[in-house]
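Two complexes, one shared chain (chain A), two partners (chain B, chain C).
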Partner chain A sequence: MISRRTLLQAGAVSAAALASGLRPARAANAVGVTEAEIKIGQTMPYSGPASAYGVIGKADVAYFKMINEAGGINGRKLNLISLDDGYSPPKTVEQTRRLVEQEQVAFIFNSLGTPSNAAIRPYLTENKVPQLFVATGAAMWNDPKNFPWTIGWQPNYQTEASIFGKHIVATKPGAKIGVLYQNDAFGKDYLTGLKAGLGADHAGLIIKEASYEVSEPTVDSQIVSLQDSGADVLLIAATPKFAAQAIRKTFDIGWTPVRYMTDVSLSIASVMKPAGLEKSKGVITANYGKDPTDARWKDDEGYKGWAAFVAKYLTPADLIDSNAIYGYGVAATMVQVLKQCENDLSRENIMRQAANIKDLELPMLLPGVKINTSPDNFAPIRQEQLESFNGESWSAFGDLLQG
Partner chain B sequence: MSALLHQIFSGLAMGGIYAILALALVMIYQATHLVNFAQGEMAMFSTYVAWEMIDSGMPYWAAFALTIVLSFIGGMLIERIVIRPFAHAPVLTIVIVFIGLLLIFNSVAGWRYSYTIKTFDSPFPDKRWFGNTLMSSHESGAILVTFAVLALVYAFFRFTPLGLAMRAAAQNPASSRLVGIRVGWMLAIGWGLAAAIGAVAGMMAAPIVYLDPNMMLGILLYAFAGAVLGGIDNPWGAAIGGFTVGVLENIAGAYVVGPEIKLSVALVIIVGVLVVRPSGLFGRTLVTRV
Partner chain C sequence: MTLANDTPTALSAAAIAQAGSRRLQRLAMGVFCIFALGLPFVASGYHLFQFAQVLIYAIALLGLNILTGYNGQISLGHGAFYAIGGYAMAILATKFDVPYWATIPVSGLICFVAGFLFGLPALRLGGLYLALATFALAVATPQLLNYRGFDAWTGGSQGLQLGKPHAPFALPLTSDQWLYFLCLVCAALMFWAAANLVRGRIGRAIIAIRDHPIAAETMGINISFYKAMCFGVSALYAGVAGALGSIVVGFISPDSFGLFLSLSFLVGIVVGGLASIWGVLFGALFIEFVPNYADQLSDLFGESAKALPGAIYGILLIGLMYLMPTGVAGVIRTAPGLLSRLFSRPKRV
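On to the complex of A and B.
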């Protein structure tokens, strides 16, 4: 039985909670920063279809914990509030507004997903809140003129596709290229990048483009059409399930083009194994990080540091999870930026420093890959290494390439 | 020419899977005049159950049989526990229940088995049959399984007393009750059969599309198109519809409309059939005396 009194009490409590949530902003030039801490916000798909990426958020939190235990940055602890958005853009908007307006975070860091980040970008731009190192490979984040508050991190899809394009021109100038791409921003970025890499003179090498929708059961029919076109190079711009289907189908129908595949799908466990290790032999991809399953890095200092970090702050399964490694790298980049800020932690300066990273090398990036940003370059990582699959693991060949 | 044949045969293989799932839809439709939107997700969940058994070392066909039995029981339980209370609710309410089931199965599978794709082995040998280069042995096998399921369903309804009782309960519940048929249980058995048939569809589809919680979403759409095309109250029609949709989809995608709107072909078929011939190619026109 709810009496009138308890109802009133409950009302008073929630009103108080509301009021405390709406406390006034701290010193206008350094929102979310006190002498003791820096408050940072983030949304992650801890539930829903993209929940495999949730481990990135866990790695981010763990990395900041490590920094805090070592004394923080200039005496300030990092407080990362990482909320679940279920990979649903409306929820991302809701959670981000909560982070900015209620929690008063200094900035948004490494929120995941192309549609999710696209949904919050106008809001953050309007409120001049930095949207740092978004966890997506779309090319749209490198647009400092129109969106000076948003910056990416990993090599974007266009960069990678253009690396492939340049490689094709260099190694197989008379190639006939077929492209399998996902019919959305991701796949189309790939097409754009490939054309840029081929250059105007060689754009005609693409003889067939076949798209698929994520709701389709298989891409078998598309692969048959691509084979029928007479292509001898196949670019697979597909997410893991469809990439595995494409690799298997090319093999099964006895088609042997040179197969280039997006690094989105380079996971051995969830793509190459389902496709069949034998059937995946010879597939080429591009990568910028160290593969933890590669014996080459067993005695590497960077890898040892990573393994020690996992042992102390994460679970054993994360050791070979490329998403966890990704989080480890992004968080380290963030720490570098905050160090560069010294004691001026205004949003303006945080953004200025994020666009002022010079030749930063990270333990789990491939040797020679350097992070560089400037006011007109919001694409921090631009170099990648070509690798081909030997039936067991990826093996690198050639030099580092820049897209 | 060989590409055309390839498209046709790979369409037939997928079409076989649409046909089995369409049969499952028909099972429930015949009894209740409702389309179970959760049919695909139930099939997906059954496939995970089978995967778990195979992964733990059980031989394929044992896991196959056990999964069908478990799915049958599961389907009956769903009818008894979840659907029964809504027996007299308006159609829209029941549709919402179906969608709820769809979401529940999808999320529970993702939570329990994760969203990363898994391989699901085919029971058929890796070697191609009879030097057939157009279809893998699994694709040929899946088509044979489709025919087997179809024959079993036909024989069940045509020659067994239980099948007769089920048909009676669907066509005239009141009279059936008067002659002693337990109509409520017939519905439950219908659900069980649908779940069991769906499980076969899932286990045949998984080696082709890989096992993941979203694997049946697209397949259900095509199966629905197949069922509507063939006539949703007719098992033979639904099966032929499934095969037709599988082939049409590939041919249209490759030669007519292009892959961008390949998926829309299914929707065009559904709408087209409903406008021109609502009972489907082989369905009975329903006449109600008022």
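On to the complex of A and C.
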């Protein structure tokens, strides 16, 4: 028997169906988005020389899985298609075209590598596909005027080096600076940033630059020659192995400059311990995230949340992997942007919201570090905290600084 | 008398089989041409990009096959010549404003000279030693491209951006279709040249050097000249392919030319079939598509298996070598014989 109520219900349902049938008119420009899911694309070096970074992709996928299990965003599940590009730019172009043209993803998220992202940027710009939170520390991603569809995430190397430069000018205006840097894009960005931070008036403070190649066994001779130059400030722009050598060598030869070190090498487990905890005392770095090997975060809520996430979705080794933590943070930023989009998931609005993040704080960022973007600022994390090593852990000093 | 009776029938059977296989070959060629010419009008831009890559790899593999398959010199370093060709194209186009199409032959010539010069000292090295020397070339190239002194030319580790060319003469083609046709025309020319080269006098000489160098020398073949020339021609092919590669991808950086590229070239000619002109097409299909399938297959094992594409690629390769030790071309070469024997058996009984 058909009651009036069932009739009414049927009417309501068909009206809703009609309404949703009409909706595609609005959703037509929301490529990759349905009522049930948001399709997202990404390339990662799961194979090849940079495969250690593959864990970032795994952390991204795991984070979205957690969000989906909690109901998704506005009822939509996140479907991240993460493809292998072997860290080869031609493959990145091919896979990205597949994601955009075949899979019809809404946008590209957190693809990894400076050359890989540089290779796909013109294509994505031309097709107006957002290229969000690229996984690279180069300075070239903050360029909204020429590339309004591409945005970075982490503080870039230049930002950090310029923070050091400003700090040196403020605390030791007559410093004689020696720089140890890796001879590649990372090291060179650092040198550029330091000079920018010192400013034109103080550029002369740099009295010696010594570079090393990744293939060299040690940097001992560079440290000795830097000491000979008479420098009283040493900037270490080196990857972990070489940073540990530099810290140990300065101590061993009895040289006591003020030592600044890049945050690339701030891991206590893989740099400070091998260098010697006693010998590492006094080293200064600038940081924006929490080091999971640092005992002071043991009871921190953010750290506990991270540990619980690792226990449920990743493998135990990922707990102290800074790449996995990076993925955890960048995926959370992405979720925030999609929440801000509400029901308008057109590419234009996704990009607009990615450039409209206000004071976002994340569990594994240092207290006080806030993510901010605006139409003319595509460098989301700009703040860093100076920290010095006390022989056990990093202790913060001074205010948060902006590069 | 039985012998005399037998021989003509056997001969004519062989002749018929040969004519049959020739007809089959012609049919396959026809189908292939229709496929190659029709593809741009049915496939999407993404698939055209992939098939342009296949044609580019096929040209590079063809060069390597002339050197390794026909002349017996193993090279693990053809990625280096591919890189030189690619960079020559990119530098000519960005720093000297040479039109992109004109850079293709120039890149080929530059690589010819580089290959010839590298081939001269390599003459003293045979077999595995040559493999190691060329391997060193493949290892050194990405680092040299990264070298600071060359930054002004090579763009360092950031690489060089190239604009995407559009179809000329207002042809009603998208730029993907146009680039595919450009690659197709280049590939057709290069295949035609290679087929003529190996079938002629020079081809016989380089094969003789591979099979029996002393006998070849006795017959008056100048071994060192032919070997160095072979290296040069082979590098020319890699250079043309490299130039086309930069044009199609529109970007170039040292990371585009890792060690794995050189190794996949060797994989390509072995999979396609050594000393085979057409086999390289299959080798090119393999190195373009199999890594993608390996990635997709590894997804079947769950999210934690993301590190598996390399392993699956390896398993597929081993399986293929086990099933087709002479490559795809070897199978195709023996298949008609096998088939005709299978079908003619009942008649003999």
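The rule is simple: the second predicted complex is superposed on the first by the 366 of 403 C-alpha atoms of A that agree within 3 Å, B and C clash if a C-alpha of one lies under 4 Å from a C-alpha of the other, contacts with A are read in each partner's own complex, and residues count from 1 in each chain.
Keep in mind that, in the parts below, contacts are C-beta pairs under 8 Å (C-beta built on N, C-alpha and C of every residue); 3 or more make two chains touch, one makes a residue touch a chain.
As the structure is a prediction and not an experimental result, all values here were calculated from the model.
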| item | value |
| --- | --- |
| Which of chain B and chain C A:Asp84 touches, first, second, both or neither | second |
| Partner chain in contact with A:Pro115 - chain B first, chain C second, else both or neither | second |
| Contacts of A:Glu101 with chain B and chain C, given as first, second, both or neither | second |
| Partner chain(s) touched by A:Val61 [first = chain B, second = chain C, both, neither] | second |
| Which superposed partner A:Ala210 touches (first chain B, second chain C, both, neither) | first |
| Partner chain in contact with A:Lys273 - chain B first, chain C second, else both or neither | first |
| Chain A residues touched - chain C or chain B, whichever exceeds | C |
| Touched partner set for A:Ser225, first chain B, second chain C, both or neither | first |
| Touched partner set for A:Ala185, first chain B, second chain C, both or neither | second |
| Partner chain(s) touched by A:Ser51 [first = chain B, second = chain C, both, neither] | both |
| Chain B and chain C footprints on chain A, overlapping residues | 47-49, 51, 183 |
| Touch list for chain B against partner chain A, complex | 3, 6-7, 10-11, 14, 107, 110, 114-119, 133, 136, 205, 208-210, 212-215, 217-219, 221-222, 249-250, 253-254, 259-260, 262-263 |
| Contact set on chain A toward chain C in their complex | 44, 46-49, 51, 54, 57-58, 61-62, 65, 82-84, 86-91, 93-95, 97-98, 101-102, 113-116, 118-119, 122-123, 138, 140, 183-185, 188, 315 |
| Partner chain B, residues of chain A touching it in the complex | 47-52, 183, 210-213, 215-218, 220-222, 224-225, 227-228, 240-241, 244-245, 252-254, 269-270, 273-274 |
| Touching residues (chain side chain C, partner chain A) in the complex | 44-46, 49-50, 53, 146, 148, 156-159, 161, 164, 245, 249-256, 258, 260-261, 291-292, 295, 298, 303-304, 306-307, 309-310, 313 |
